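Worksheet for the structure shown next.
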Amino acid sequence: MTLAFDLVLCAMIVGAAICAAVAGTIFAAAVFFIVYGIFVSLAWLRLDAFDVALAEAAMGAGLTGILLLRALGRMPASEDRPGPALAPALAGAGLALALGWAFLALPESAGLGPVVRNAAPGAGAENPVTAVLLAFRAWDTLLETIVLLAALLGVWALSRDEAWGLPPGLPQRVRPDGVLAGFGRILPPIGAVVGVYLVWAGTSRPGGAFQGGTVLAAVALLVSMAGLAQAPRVTSGALRLVLVAGPLVFLGMAFIGAVLSLWQPGAAFLALPEAHAKSLILGIELMLTLSIAVTLAALVAGPPEDRA
Amino acid sequence: MNVTVLGLCGALLVGIGVFAFLWQRHLLRRVLAFNVIGSGIFLYLGAAGARGGAADPVPHALIITGIVVALSASALAVALVLAHLHASSATRLPEDEP
Amino acid sequence: MSLILPLLAAVPLLGAIAAVLAPRAGKGIGLGVAIVLLAALAVLVGGLNTPVVLPLGGWEPPLGIALRVDGLAAAFLGLAAVVMTGVLIAAPYRGAGREAAAFWPLALLLWGALNAIFLSRDLFNLYVGLELLTLAAVALAALSGSAGALAAAIRYMVFALMGSLLFLLGVALTYAAHGALDLAALPGRNPQPTDALAAGLMTAGLLVKTALFPFHAWLAPAHSGAPAPASAMLSALVPKASFYILLRLWFEALPDLGRPGFLWLMGALGTAAILYGGVMALRQARLKLVIAYSTVAQIGYLFLVFPLAGGGGAAQPWAAGAWTGVVFHALAHGLAKAAMFLCAGLWLAAAGNDRIEALRGAARATPMAVFAFALAAISLMGLPPSGGFTAKYLMVTSAFAAGAPYWALGPLLGGLLAAAYLYRPIAAAFAPVEPELRPVPRGQQAVPLALALGAIVLGLASAPPFDLLQIGRPEAAARGVE
Amino acid sequence: MGDVFSVILTSAALLFYVAGTVGLIRFPDTHSRLHALTKADNLGLGLLILGLMAQADGWVTLGKLLLTWVLALIAAGAAAQLVARTALGDRR
């Protein structure tokens, strides 16, 4: 029975992917891509990967979909003809076959699951995924938040010189009594609670800084699109402080560990003292969430623009 | 068995994405294809990690990192495509213009 | 030691954050980072006798991520530090405008990403580092905002994204097969039939990112379209990072997967790159494109490491020499190429365009810059006494000693081609005419001169770096990858 | 008992979804399509959630399910309004 479900799910995923790849218009492709992302997050649920399902739905389908649709809205309808299909088709088919063969040829499970589950409680997070992200592989996570920052700096650098210093994205014109404004008033409180809950719950249950940050980013975007609050200018010191607060606290904690290591045997760069690991992880995650939320919202809004 | 289905599905998605990435010329479609390949790789990795019965949390963490990185790259790519459109009124690379 | 290792990657990142907060102080922050890193590297290299490994946060692999520094890592860290210091001194961005607010943090992020890659021992961490490097590099390539630069940046991004995905796919397959991402854990793994596919995918991705012929199409427009300080970083350092991972992968992690055919293919592609890049450089009318195509050629030399140091049998006694020679080549090329792009930037600002004819009489207007360009050219051509000469000498002798003189063809012809394509700008600079260049302050000319002198000194005093590179040199570099 | 309740309600929900989808495809213009979609899908979702509530293991889960429905109602309503208004604007 569950096999039948998985087969149907996979067929739907593949179908949506094919539609997204070959749809006649780019708008249709983008919509199919969002549908595809939702189906893929269902597949993650089938694999008991709740953290990944949340991240895929929020970022892979949601934010990436918005990015594509927003860009489409700025584009004139243009003739869209792909190149010759034979070589790409051979490359795609060859790679898919090779990977399929490899999956079947893989040895029996070779993962780190048991090792992680043994070490996770000592690292300050009962959710093993959070333990991996913020303790064992904290260096990855730190670099990843910096990747977000690098992308935003790159996006902002693409503004025209005349628009530099304006708020991110296009200026919004919204009727104050319109539906969007009303919607924008109802949802943010709920969204904020959900976002913070995802972070708080993330140490022991699925959720975490990235999933919570995405929800908060959506709230920020909604508030801005509904015209309820003006986004700060890209040169604003306060905005920039919020953007870097997470990585800064993360790096700062790492540095403190490094300096302490000079006279304290257990301390090291990126090591959290075991007694306080849980509260420190939660603190770092909250700061990261704030920065991730604002960075993601700014990434989706795009570079500052002065014309429609 | 169920896990194998999802792993093979991931392999197929990579193939579909690679096909679209190489075949399509419109730059937004190539960004989209990049994301299809990415999620296919993640599904492949996640399914491989779930073969032992209990799910392996390390791939989950890697995948979350990967999703964030893919989103960052997509955002920069989309912004580049729009800036390129403003600068030269083109939605594809010069060498791909018909 | 355990304090210095993480600081090498973390300090530039911290500097980038500071530069985001205080864009006007970007240059000061950059120079501060440069001083700290140069000092840290001096201490590190001074005390390095054996490789140092540091599991981050106290979590040992396979659970955690380890950093490691050996001679190879120290050499590349040093190259990045010297080139970045020069670039940061030379970069003209002031104030809090669009370009300045982007350049300083992005340049520091690029530096942080490079150092993170040079130190990392973890395949997935290397992927994240590569992505950080790519995003910073693409953003810098697009910095001018011109239509040409944007198209070049997008093409760069298309190739780089494909390269990243292929690499990631290989990493995923490696983890799925072995439950390990640490490079040190892979030589002792239980071999699987999927290993060759995983290694092939990772290698293909890194080749695209290194712009080895025939994956070079993105390089020249992106490197020549960027502002000069960015070009210097992109050309001197960025392709070296993915090549560095290739070295680690094949000589340390998976040497048992090497096959004669693969080694031969790498050498053939490298030789093709040398010839193709040289011919293309010869045909360009713009100086920055000449220098960029020269990079396509120079990258080719690096791949001769596979047949020369990787081949077993007759090559053995000289293999370590070839390995060291290739690393020398990477270092000398980095210094010389950064010097050349900085010179090109000075002339572009002084002449208003970068056509080679515009350089006529430059030797009178900007003598130091022309001297710097000529010194850098000597190293690229491989003439004594320069780092480039030492590198080519080591490569060519090991090619002959190994009984494979055809691998010497690339370096020898490549040197001739380099002489031909670099002769044109130098001849123009020495043309006996009144220069039409605006004057350039001597201070600005000093930076490329210092970098070019570095490339020469690498040849004059080659013993200390040679000894450094032997620290923790992978066994496979002498025994062969087979 | 609970299971039978769930099966009946979720089946009914599916029926509404099918009806909504048929309307989306067959109706001639944007406004009637929206009508079919929002009416039928919101009812379908309501039935689905009711059916799932029978499977809930506590008040918290019940609350979450209810919240899901309310949020989806608000979002669908607002989105439908926005689409409708944009469609009007396009026609002018």
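As written, the chains take the letters A, B, C and D, and residue 1 is the first residue of each chain.
Just so it is clear, a contact is a pair of C-beta atoms (placed from the backbone, for glycine too) under 8 Å apart; a residue touches a chain by one contact, two chains touch by 3 or more.
What you are looking at is a predicted structure, and each value in this text was computed from that prediction instead of being measured.
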item	value
Joint neighbours of chain D and chain C, given as chain labels	A
Centre distance in Å when chain B and chain C are each reduced to the mean of their C-alpha atoms	28
Rounded Å distance, chain A centre to chain C centre (Cα mean)	31
Gap in Å, rounded to a whole number, between the CA centres of chain B and chain A	14
Set of chain B residues in contact with two or more other chains	14, 21, 38, 44, 48-49, 56, 58-59, 62, 65, 69, 72-73, 76, 80-81, 83
Sites on chain A at which at least two other chains make contact	99, 102-103, 106, 109, 111-112, 116, 137, 140, 144, 147, 150-151, 154, 158, 160
Multi-partner residues of chain C (at least 2 other chains)	124, 128, 131, 135, 138-139, 142, 145, 150, 169, 176, 179
Chains grouped in pairs wherever the two touch, ordered by label	A-B, A-C, A-D, B-C
List of chain C residues in touch with chain A within their complex	2-3, 5-7, 10, 13-14, 16-17, 20-21, 23, 54, 56-59, 62-65, 96-99, 101-102, 105-106, 109, 112-113, 116, 122, 124-125, 128-129, 131-132, 135-136, 138-139, 142-143, 145, 150, 169, 173, 176-180, 190, 192-194, 197-198
Residue ranges of chain D touching chain A (in the complex, touch as defined)	67, 71, 74-75, 78, 81-82, 85
In the complex, chain B residues that touch chain A	1-26, 28-29, 31-33, 35-36, 38-40, 42-44, 46-65, 67-76, 78-83, 85-86, 91, 96, 98
Of chain A, residues touching chain B in the complex	2-3, 6-7, 10, 13-14, 17-18, 20-22, 26, 29-30, 33, 36-37, 40, 43-44, 46-49, 51-52, 55-56, 59-60, 63-64, 67-68, 70-72, 74-75, 78-85, 87-89, 91-97, 99-100, 102-104, 106, 108-109, 111-113, 116-117, 128-129, 131-133, 137, 140-141, 144, 147-148, 150-152, 154-155, 158, 160, 208, 210, 296, 299-300, 302-303
Residue ranges of chain A touching chain C (in the complex, touch as defined)	98-99, 102-103, 105-107, 109-112, 115-116, 119, 123, 135-140, 143-144, 146-147, 149-151, 153-154, 156-161, 164, 235, 237, 240-241, 243-244, 247-248, 251, 254-255, 257-259, 261-262, 266, 268-272
